[in-house]
């Protein structure tokens, strides 16, 4: 079996970003998508803290402690970038001005429900940030996650068990095993690694349909430094 | 009788503006208040089109056609002035950040109701502009108007006959004959010209009370060029 | 491809059709996109709903759209003519040929902001107890009465600004800004008419409206 | 008297008392008014309600107010500690000693904006169908469900900025802006902590928050 590693999942998600889009990449794994955009693609990366036009990470000696993204990473600005306050930033998100958001997730349901903000970790305070805004209001919500939990339980489900982030919002899920679309008919597999349909279904908590043109899921080798 | 002329009314209204206030002066007569502020007073004049820190009118050869106030007058900016967009400008007004507004009016009722936007002129379209926002939301709403109409009918009334701008909003009225406060007990005359209380009452459409320290209403001579 | 929103003037309004809801900027004599207004007249779509601060401002060419009978309805804060003779708007309004929705200016701008900000409705104290809010839902919060106002979303925004860059970033000259930012956010297609397009991308300190909100830029 | 909002640091929080609702700026590592937060701790008012994006951000000294048991309630979007040991907030929250109101970030900022903008409540699609909006009014507009969110108004805003002038005009450094503008508008008393106070009044092109909204300025 040739499951994708975490960065290969972001690579695959990055390939679907098209020219001219306004994109918000979630904190954590999704921000790495910006490293793998197709070369001909010019996108505007928005961050919830108001940066419109996020550039690469800053070099240490050139970083400004106030030039950060929502994940507190010290960044640079692309030419033409601007910075707005929080009310403008979320007006942009809530108003449907983000073409695509790519978010991490714990669970996705076959109707598109998303659970990505609260794992119910005992003794830890909750953290929602801008997740609900992005999930409810971006024009397209795509998810990056491992196909199953560390314990092997499926994350693609008939119904989410964890608290929801937003209802019926996810359109596509990228996992280490497959690219799965959320459709009115439920989960449709567009691409998958070579584990066999039955095995993929066994690792999924809801019925899968396979697209007539279902393709192999591949990605170039990318090393994950942990 | 020594009734005030129109500019003398604005002079009188200007004397009540105090140091540090944020003030919006209505289009028409009220904007002239800025000519008569007490010299020791430093105020911030806001205009509905987003100018915060309106200065004197521009000299003709220095005017910029885009540097205007809500009344389309070509203005200058005071040092430290800024310009915001319409949504910020009205958030400022509606949010109670205007300490005082001085507005023209057709009628004021004894409960503070204001009618100043629609005279029901036949064959003319209506015009409300920002009048309702200012009347409903400035911390203090003061009115400048002639005590009676051209035909001699009172403008201070038990109830407004014309369409309302806002309910229970006016705190003080400056007329050519008197300075009248709107109180829970109705109209209270604070200052009046020497026409006698009965005559003033006769020209008023609601009962007047006279303040125990009711003073003469006077103003320096100001010529009105018509 | 590098983002480039510059278009030829002749194509600025491509795709605009009958029945569109059109935002037009300008207030207090500043910020009227008069070249685009005239282009819209020349293009000739009918049954437009105009969302414009004034239907009758002297310096705006809005009246040409009305006189050309392209307008079904006007949502505005001012509709009074300046001359003895009734204006193009007033003539048609009195004849029942054009619909008028008069809105207090703060509610007007906030309804447009709401449209661009994903907020379908909000409450405001402005207009309570007046005929401009007749029929609107009234609700008490704390010790005050408020009316509910609903968002306005448009098909097209005609925005006047001073400087643009190819990514649509805009700088306004003084009070030219007025309704530009909110109208651009609330329209499906936002077209900016500017004095000049900068060869360089604008520095962040100068940008007053991020290019994300602007679809087309024309220098006039 | 010329407007002058500069005050000595020792008087920056004069008049702030027990039970105050306090806005604190900062997000993503930028814009924390840490000098003022510490001054608030040293002053010592109790039973505060903090309105702050995160109760636990590493770079913010918000946790000192919590560890000092001055806080009755936190309204925030993030309350998770970073270390293995529970944070000052989490310890007290689990023990039922501090109340938590968790709000999606866009609703958080919009509720504060609404507070400063005279809007008592608005509708948003965010949070519909989730436990963060349980008990909130749900209403349908068009083909979508929305929840009603109410404004937040505060007694005090602690705002970090880069440059001020004596009239309270503020300039922010990059993403330091975040909640500064909305929090200043929604507080009865807005105090800005800045790197430097300009001797000259700031030029209009640089002003990101008009001084009208700022009551006191301290250079730190």
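As written, the chain order gives the labels A, B, C and D, with residue 1 at the start of each chain.
Throughout what follows, a residue touches a chain if its C-beta (ideal position, glycine included) is under 8 Å from a C-beta of that chain, and two chains touch if they have at least 3 such contacts.
In this text, all values refer to a predicted model and were calculated from it rather than measured experimentally.
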Among the chains, which one keeps its Cα centre farthest from the Cα centre of chain B? A
Per the centroid of Cα atoms for each chain, what is the distance between chain A and chain C, given in Å? 36
Go ahead and note the Å separation of the Cα centroids belonging to chain A and chain B. 56
Cα centre of chain C to Cα centre of chain D, whole Å, reads 33
At least two partner chains per residue is the criterion; list those residues in chain C. 110, 113, 117-119, 124-125
Chain B: which residues touch two or more other chains? 83-84, 90-91, 93-94, 137
Overall pattern in which the protein chains touch one another (line/ring/star/complete/other): other
Pairs of chains in contact here are A-C, A-D, B-C, B-D, C-D
Would you pull the chain B residues touching chain D in the complex into a rising list? 19-20, 22, 40, 42, 44, 46, 52, 77, 79-84, 90-97, 137
Residue positions on chain A within touch of chain D in the complex are 47-51, 64-72, 74, 83-87, 89-91, 93-94, 123-133, 136-137, 163-167
Touching chain A in the complex, chain D uses residues 27-31, 55-56, 59, 77-81, 86-87, 89-90, 93-94, 100, 102-107, 109-110, 112-113, 124-132, 162, 172-182, 208
The residues of chain C that touch chain D in their complex are 110, 114, 117-125, 141-142, 144, 146, 150, 205-206
Residue ranges of chain C touching chain A (in the complex, touch as defined): 1-3, 113, 115-119, 165, 167, 169, 185-186, 201-202, 204, 207, 210-213
